[in-house]
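In the two complexes below, chain A is the common chain; its partner is chain B in one and chain C in the other.
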Partner chain A sequence: MLEAADLMVFYENMLALNNIGVKCAERQIVGVFGANSAGKSTLMYTLSGIMEDIRKKEEMAGGERITVLGQIEYLGQDIMGLKPSARARKGIVLCPERRRIFKESSVIENLRIGGYLASKSQAKETLDYTFELFPPLKRLKKRIGGFLSGGEQQMLAIGRALMAQPKLLLLDEPLLGLSPLIQSLLVRATRGIRDERGISIIITEQYARPVLPIVEYAYILENGAAVLEGSRDEVLNNPDVRSAYFGMSEQ
Partner chain B sequence: MEQRRKERLDRGVKVRSDGLYALMSWRELSYLTLPRLVLILGIIVLPFVMPNMYWQRVISIVCIYALLALSFDFLAHFLGLVSLGGAFLIGVGGYISAILNTTFGLSPFVTIPIATIVGAAVCTLLLFPCLPLRGVYFAIVTLMYPLALKRVIEALDLFGGTNGILGVDSFPNSWVEQYFVIAMVLLFLFGTRRLVNTDLGLVFRAVKDNDQAVKASGMSITYYKAIAVFIASGMGCLGGACIVHIFMWSGISLFALDFSIIPIAATVIGGGGTLVGPVLGAFILVPISELLREFGTLRIVFYSLALMAFIVFRSEGIMVYGERKYHQFERWVKV
Partner chain C sequence: MEIIIYGTINSVALALMALGFALVYGISRIPNFAHGALYVITGFITWIFLRALNLNYAFSIVLAIIIAGIIGAFIYQFILIRVRGMSISEIIASYAIGLAILEGFRWGGFKGMTYTLPVFIEGTFFIGDIPVDVHRTLVVIIGAGVVTFLWLFTRYTRLGLALRGMAQDERAALMLGIDSDRMAVVAMAIGSMLSGLAAIVLLPLGNIVVEKGYDVLIQAIAVCIVGGLGSWVGAVLAAFIIGFAQILTVVYLGAHFQMVVALLAIILTLILRPSGLFGRQKELEERV
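Showing the complex of A and B:
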């Protein structure tokens, strides 16, 4: 479905992504794991096209020069250089790190903004699905986004991304700063989204353990390069990875 | 396929002159000091190369706009306070200076410092209520004061009403006038550049970045904002006091919106946050607007077109662009 090859991103002279190739098949959940500064968010921005936007803004303000090289093929088309809005129209939707919900709009308004690309019936159907997936949101419909708790905000962010009718959903650190209970709820919901809606998902996380059960293929990033990739079991059985990313030590 | 990207690197001489090594060779020393010397000497010889009295007068006005632009840039890019009140500062400083001069017969060299300090205090006091707030409040309040003061003076017939205060003393001669304002621009330019790198400047920038974190560090943002507003108002009031003695007249046209708008345009063109940029911007913009005077009212059209082109094609500003070209070079490299 999505195949990115030889991705390189430079922030001025700093290499943020080094020759990374990522593949995501239809109805697959792909995990991207790595520590801070490994390049997870850069990868997500590059895939979703936000990087084009950042690059342009930096250029206008006379800041850093950002260079993006490589190929991204999506559904048989080259989407490199497309604007983020065009990519969203093609079905690549990013749920950004730190949620970035519209803080001054209510929950229902947030969701309706997310549904800009959907037809009326689609939007209604997805809205119902979102409320079914995240029951707390239904209760908080009229609440202003900024007053929600972290977990509720994350649910809202995922719901908003779903409203855009994605074919490929990019979840950038969805578990950041959440309690284990909410984490497991979100992980279950993520699997539900894939199973029930047939959406492919690329998910990034620092600590792989909570999302591991649902991931089918995983990439481990270190300093902008993919040091290891493989199916869940392959990655899981690598002793270095086990201790570093999954919190399991060899006894 | 061979892929290439453009790389930016610091020039060798910049790297060498970053540390103490700069003192060891003339090349590095001149690399550091030449741009400053060119600016200072350029401004100093400016009155000599002007063809006639009219253009010498323009130089004085340019310097006053430069002071205002400097004050705007200082507040906007180091405190995060967007001030639309250039006219307010000019008006307050101008009226204080004019009143002191005509009523008490003090010489310009006494009234200008008094107007600067008293005016800055008055402005800070009047702006004090909106200092604890964040957002557009400061901009709106600073925009409203000159409009309100203008009408108050008109309606209550204060300070000569619509006729203004006539018979204000001028500077001894035009050379003193020009070099006084030029000296003030240079003094405040290098003064604020020094200031923003001190500990106080550090707090200012912190207030801009995240005022809640500053509060959490046990500092009062209102206090620091008041200090900065005092300094910035001082620059504006100084400009106002000078303009009154240049035109030998003080009236409600001191509250004209030009004094609020042109400094902002100068900051955009020169490059915000550099402090030198806005001064250069004023030295470019105001003469251009004088040159366009023969087109009559159409000059505003040309003027706005030039501004818009600038914002679209070079939105970083002259100074940011220039600094980058001066310190860095670019080359294509294979990836």
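Showing the complex of A and C:
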């Protein structure tokens, strides 16, 4: 479905992504793990095209010179250089780190804004699905986005991304700062989205353990480079990974 | 009583002048300093259609407002888009466009007191013993209509919701497939049409003169600064505060102090509450 190869991103002369290749097949959940500043968000921005927007804005304001190199093939088309809105229209929707919900709008309005690309019937159907997936949102329909708790905001952010009718959903650190209970709820919901809607998902996290059970293939980033990739079991059984990302030492 | 009636009329007039500016800034963060020029240009275009081409008045109005919208969209698409994101350049560029339009009209011979538009409906009626002319009542009705329309538009239409999303977080809107440049063009077109509508409603109460362009710009900026840049709800509220303050000044201090009110309001707001009544500036700073 999506195949990115040789991705390089430079901020001035600093290398943020170093020769990374990512693949995501139809109906697959792919995990990208790594510590802070390993390049997870940069990767997500590059895939979703937000990097193009950042690059353009920096260029206009005379700020940092950002260079993006490599190929991204999506559904057989080269999408490198496409605007983020064009990529969203093709079905690549990013649910960003720190959620970025519309804080002054109510829950229902957030979801309606998310449905910009959806037809009327799609929007209605997805809205019902979102409320089914995250029942608390239905109860909080009229609540202003900024007043939601972190977990509720994350549900809203995922629901809003679903409203945009994605074929490939990019989830950037959806579990950041949430309680284990909410984390497991979100992980289950993520699998549900794939199983019930057939949406492919790329998910990033710092800490792999809560997400790994639903991930079929994983990449591990360090300092902008992929140091390891493999199926869930391959990653799980790698001794370095076990100690660094799961907090498990070899007994 | 007189103060309440004329205060309301004056406030609604101010709100009409400011809404276009507030809307454009709120959605795309562009301080559109060509706002006043768009106001005057719509007046002259209507005048040309009506007097020089002898078109029907209602038809001239609709046509002129549409042309104002197109001019606004062009200003963004061909000029402002190149300096997007650099606020100083945006101000200079839009102000330069405004100057070119306004001084262009002066150069073209559009000066003096000869350019007027007829009021929509002649006539005067009395509220108690205070005379109010029908056109001024229409100003209030149209103003209320515009605010209602904007409220419904930004809450219940796909485009309006997308504009609201972009106003709150441009990058999050981008992720949902909302094209920020296209939305900015739409915002400029709507803002310019609002400016044009204000011109058509308010100009029949006076003459169409080039100086109105500068006057409207100052009033609009005053209202937006008091209300909080970017919030059109704040702008409506601020229009009422400044509008009533102006009428009170006229009644108790004299008519020539009227212009001071708007300027004083700018200064006081910047000293006491720089982000205005409903401003987002401060909140943004905190977030960073």
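FYI, the second predicted complex is superposed on the first by the 251 of 251 C-alpha atoms of A that agree within 3 Å, B and C clash if a C-alpha of one lies under 4 Å from a C-alpha of the other, contacts with A are read in each partner's own complex, and residues count from 1 in each chain.
Criterion: contacts are C-beta pairs under 8 Å (C-beta built on N, C-alpha and C of every residue); 3 or more make two chains touch, one makes a residue touch a chain.
Remember, predicted model here, so these are calculated numbers, not experimental data.
S.K.: With chain A superposed, do chain B and chain C clash or fit?
M.R.: Aligned on chain A, chain C clashes with chain B.
S.K.: Is A:R232 touching the first partner chain B, the second partner chain C, both, or neither of them?
M.R.: neither
S.K.: Is A:F10 touching anything from chain B or chain C once the two structures are fitted on A? First, second, both or neither.
M.R.: first
S.K.: Determine, for the superposed model, which of the two partners chain B and chain C contacts more residues of chain A.
M.R.: C
S.K.: Give one of first, second, both or neither to describe whether A:M60 is in contact with chain B, with chain C, with both, or with none.
M.R.: both
S.K.: Looking at the overlay, what does A:L69 touch: chain B (first), chain C (second), both, or neither?
M.R.: first
S.K.: Flag for me the stretch of chain C that overlaps chain B after superposition; candidates: 9-17, 27-35, 63-71 or 81-89.
M.R.: Stretch clashing with the third chain: 81-89.
S.K.: In the superposed view, which residues of chain A touch chain B and also chain C?
M.R.: Residues 60-61, which sit in both footprints.
S.K.: What residues on chain C touch chain A, complex-wise?
M.R.: 83-86, 155, 158, 161-162, 164-165, 168-169, 171-180
S.K.: Mind pulling up the chain A residues that touch chain C in the complex?
M.R.: For this pair, the touching residues of chain A are 48, 50, 53, 57, 60-61, 83-85, 88-89, 93-96, 100-105, 109, 112-117, 160-161, 163-164.
S.K.: Chain B touches which residues of chain A in the complex?
M.R.: 8, 10, 12-13, 60-62, 65, 67, 69
S.K.: Within their complex, state which residues of chain B touch chain A.
M.R.: Listed in rising order, the residues are 3, 5-9, 271, 315-317, 320-321, 324, 335.
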